[in-house]
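Two complexes follow with chain A in common, the first pairing it with chain B and the second with chain C.
Let's turn to the complex of A and B:
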């Protein structure tokens, strides 16, 4: 498992990462969300042992980034946001080079390379030169490189940037598969709807501070104060709003259009059903009664201030 | 190491026409040899040693200038740094990968040197000394280029700095000091591999009473064999020193993992 404890990085007076703590279990796919300059890449680079923390620590299966950096490196696969590959070598040679670095026995390298190429759907490009691969294929090759030593933790910094929609969809499937294989996957991204679709946990970071952490559903529940319902009626709108305002659990009700109003209330589903029943009992002709769905993007916009940008 | 050698061979010996100038230079070296062998009885040809040294001065920086700076430039450096290897191992791998290429070039050039400069099989020891000086200078220059590459962000900057230093050290400084102070000029000349090779070569004419008998300087007269051997040792030691400095340069810019000086505030 991954345990991050009070991780901090300061550049003079600027706190790039401010006391971040969280833990992840095998199989977790963690979406690391934040505006540009929020501290995502800094955090990831500290976890990879590339950047020295000012304070705090992290442990991967017990290996501490301070005391056992080589142990940490053996258990991680890191895909930077911008990366380059070597020219003048073939795809299998590139993987073989890293397999040798990770001390995979020569007798096993062939099968390991075949497996990661198959997993990343690059088997057909085995003998191609890396500089001839498309951007999406190079992304997959970089991921294949991260997998040759079967790491416990994968750190993918903006892995979907620059990919076309199809390549993104394929990449999403690949990350999900890695999660099913029991790996911890940390993905930083700006594409929030995609993250919500495949991340079991998300963390929202801004100005170095973790503002929210947990499953997508939990974070959405935490972020909104109550339920939000949009109602459209035929007839007198003000009368309908007055009826709603007089009911229990209703926090506010505001006209939002010529024939519609929005309700914010703190009740549960039973109370929500009662709202509709009451409106109908009072003779108000309701043509639309719908709970407004919150997604990760709404939560992100709500909890972050945009101060960094 | 193997992958570096493969990349080197593909880059310089592959189908890329632009890079094939290396092959052209080596072929021209062999042509010089044949030329010398044809006119073997007409003149004493000593140009192959100089030509080999010139090739080394040109080629070695080209081969190694991007070893680390190029990795940074193309953003592949981080992927090496997160691997469970030390920076010393990275430096050693880079050096050994190119060292095999240098060894191959020296081997080819040695044929040329022995065939043209020592065609009758005499003074073999002198020829070996010349080859050793050239090889040691090549490895010393490789260490220096790697050091500059480790200190640079861009590979072309590294190449420019290395060529600039060579221009200063091999041409400008001996000329400038020669006008100011003769002893300093002697110092710069003593470090100069072209001068060293010429002195070791001149030994042949000194002792065969050739027309170039006046070419031997004081160090040569005091012991021509030691003259070349000392250069071999100095150049090689400089190469090793620069490799060590390269690892220091890399360690100074990253996280050294002391494990003990963790700040807790």
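Let's turn to the complex of A and C:
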């Protein structure tokens, strides 16, 4: 498992990563979401031992990034946001180089390379030169390189950027497959919809701080302090709003359109039913009474503007 | 536990089946870049050969003696050109090897694997060294022309090739270190040339000092400079009572230097508490002792009774105990002091291992952290002092305790002073590079800028006494002046370092870091 404890990185007066802690279990696919410059890359690079934290630490299966960087490196596969492959080298030679670095015995290398090529759907490109591969294939080759030593933790920094929708869908399948294989996968992105659909855990980071962390459902529940209901009526809009405002549990009610208003309240489902009943009792002609469904996107917008902090 | 079979297997992996070297080899041979490079090199060699040959023939009359002289000059010039060519081309071909990977962003992919940096760097060295050998092999037709024409013998050529391939390793290693330190390939090339020029400059000073240029010395330290030394001979040097071929001690020194350079590169690529840094620190202390010993050795040859020396034999010559052996310590410290800021500067922003961890700690010596900088350098001074005194006694001299102590105190004081400038600039700057830049700038201001001013004052006063205030003067003065100057430098350094610490505390509370 991965434990991150109070990780912090200062760049001069700027705190690029500010006291981040979380932990992940095998099989977790973790979506690390935040706008550009939030500190995702910095966090990931500290986990790869490329960058030393100003304070705090992280452990992967007990290997500490300060005390046992080699132990950490043995267990991770890292795909940076920008990376270069070598020119004039064939796909299998590239993987053979990394297999040799990971000290995979010569006799097993062939089958290991075939396996990862199979997994990343590159078997047909075995003897191609890497510079002739498309962007999506290079991305998959880099992932294949991360897999030759069967690592515990995969760190994928903005893997989907620069991929066309089809390649993106394939990549998503691949990541899910890795999660099913019992690995911890960390996928960062500044685009939310890319991740929300398939991550089992999500962290939202802004200006170096982790604003929310947990499973998608938990985060949505946690961020949704009260229920939100949209109401549309015929005529008498102001009267309807006044009626609602006088009800118990209602936190606020605002006009949101020429014939509609929005309610935020802290009651349960019983109270919600009571709201509608009261409106109708008071003779207000309701044509629409709908609870607003929240998804991660709303939470993201709400959280990153500082509403939950 | 290190078993012999493991040791052997490990070495085979590093030197013979190196994965990095193999990968680079695969890419080196592909594409048409190598063909273009090698053909133009060959063409250049041919053109230069023809030009030199025709220039030389136009000077000689047709007598046998002058033809003979002309041909051996031709052979000497060709070999000299080859030396220059190798020293210019080999490091620049290497300079791109790691800086290039950094630029194309493939380096991080390697550094996040558990690769032993030794494997990686030796692999890179082997890959680049192949280029050096290609340069030598391609020059073979031209060089064999010298033999066929009669200016040199095959033995001469063999020796020249031995020397050049030895120096090829050294220059490749210099290129590799610069490639690690430089942010971009182009700056790596610049760094490399600066380093190579500095190497030539220093070694020619040694050669000059010990009298080689005037043909009076057989000390092998002369041969550390491949431009000064004529390689077309199987020269020997007396060592421990043996007549040793010069290339043997040179090969040993080059191998040791190469190891140091690779350790430096490994340490620069590695993080907090790496074994490369530990090893580098230990080696630096040992090499300081070795450097001091070589310095005393050169001085011994310089003070040998001047008998005429021919390149073919050193019989009848012997080094004698130099009266000024202790001077080696200040010289070594002055040669190295500019490296101090690179070990002593710290920054909270630093990517790796240069985060502030205190002022003075013995643990930091091996960790390579800023707190270890001062104790480390003091250890270097100590090692150099002891070694120079010991070497002096090998030549039959009796080390003067007070003299060696005073030089060591001055050296320690000067190091402390330079170190304090690095501390102070670190307390002012946010970034490591800024801190180092400020420290080096301060050094220039303190050491170089006063020189013309002091020069003018001493001219007006018609006395040299004003020079006493220059920090470097004490190192070359009398026992008393070295001692006093050293103590003053320690005091000033401590004050500056204390100011830096106070400054840093204040800044830290302001930033609440």
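One rule holds in what follows: the second predicted complex is superposed on the first by the 295 of 309 C-alpha atoms of A that agree within 3 Å, B and C clash if a C-alpha of one lies under 4 Å from a C-alpha of the other, contacts with A are read in each partner's own complex, and residues count from 1 in each chain.
To be clear about the criterion, a contact is a pair of C-beta atoms (placed from the backbone, for glycine too) under 8 Å apart; a residue touches a chain by one contact, two chains touch by 3 or more.
All values derive from a computational prediction rather than experimental measurement.
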**Asked** So if we stack both complexes on chain A, do chain B and chain C clash, or do they fit?
**Response** clash
**Request:** Once the structures are superposed on A, label A:89 by its partner contacts, choosing first (chain B), second (chain C), both or neither.
**Result:** both
**Message:** Under the stated touch criterion, which partner chain does A:12 make contact with: chain B (first), chain C (second), both, or neither?
**Reply:** second
**Message:** On the A-aligned overlay, A:70 touches which partner chain: chain B = first, chain C = second, or both, or neither?
**Reply:** both
**Request:** Scan A:97 for contacts with chain B and chain C and give back first, second, both or neither.
**Result:** both
**Prompt:** Who does A:32 touch here: chain B (first), chain C (second), both, or neither?
**Reply:** neither
**Prompt:** After fitting the two complexes on their shared chain A, where does chain C collide with chain B, if the options are 25-33, 295-303 or 403-411?
**Reply:** 25-33
**Request:** Residue by residue on chain A, keep only those touching chain B in one complex and chain C in the other, then list them.
**Result:** 48-52, 54, 66-67, 69-70, 73-74, 76, 78, 80, 82-89, 93, 97-98, 101-102, 142, 145
**Prompt:** What does chain C use to touch chain A in their complex?
**Reply:** 19-20, 22-23, 26-27, 30-31, 101, 104-106, 108-115, 119, 271-274, 348-353, 355, 430-431, 511, 513
**Request:** Give every residue of chain A touching chain C within the complex, in rising order.
**Result:** 10-13, 48-52, 54, 66-67, 69-70, 73-74, 76, 78, 80, 82-89, 93-94, 97-98, 100-102, 142, 145
**Message:** Using the touch definition from the top, list the residues of chain A that touch chain B in their complex.
**Reply:** 48-52, 54-55, 57, 66-67, 69-70, 73-74, 76, 78, 80, 82-89, 93, 96-98, 101-103, 142, 145
**Message:** If we count contacts the way the header does, which residues on chain B are in touch with chain A in the complex?
**Reply:** 3, 6-7, 10-11, 14, 73-76, 78-85, 254-255, 257, 259, 262-265
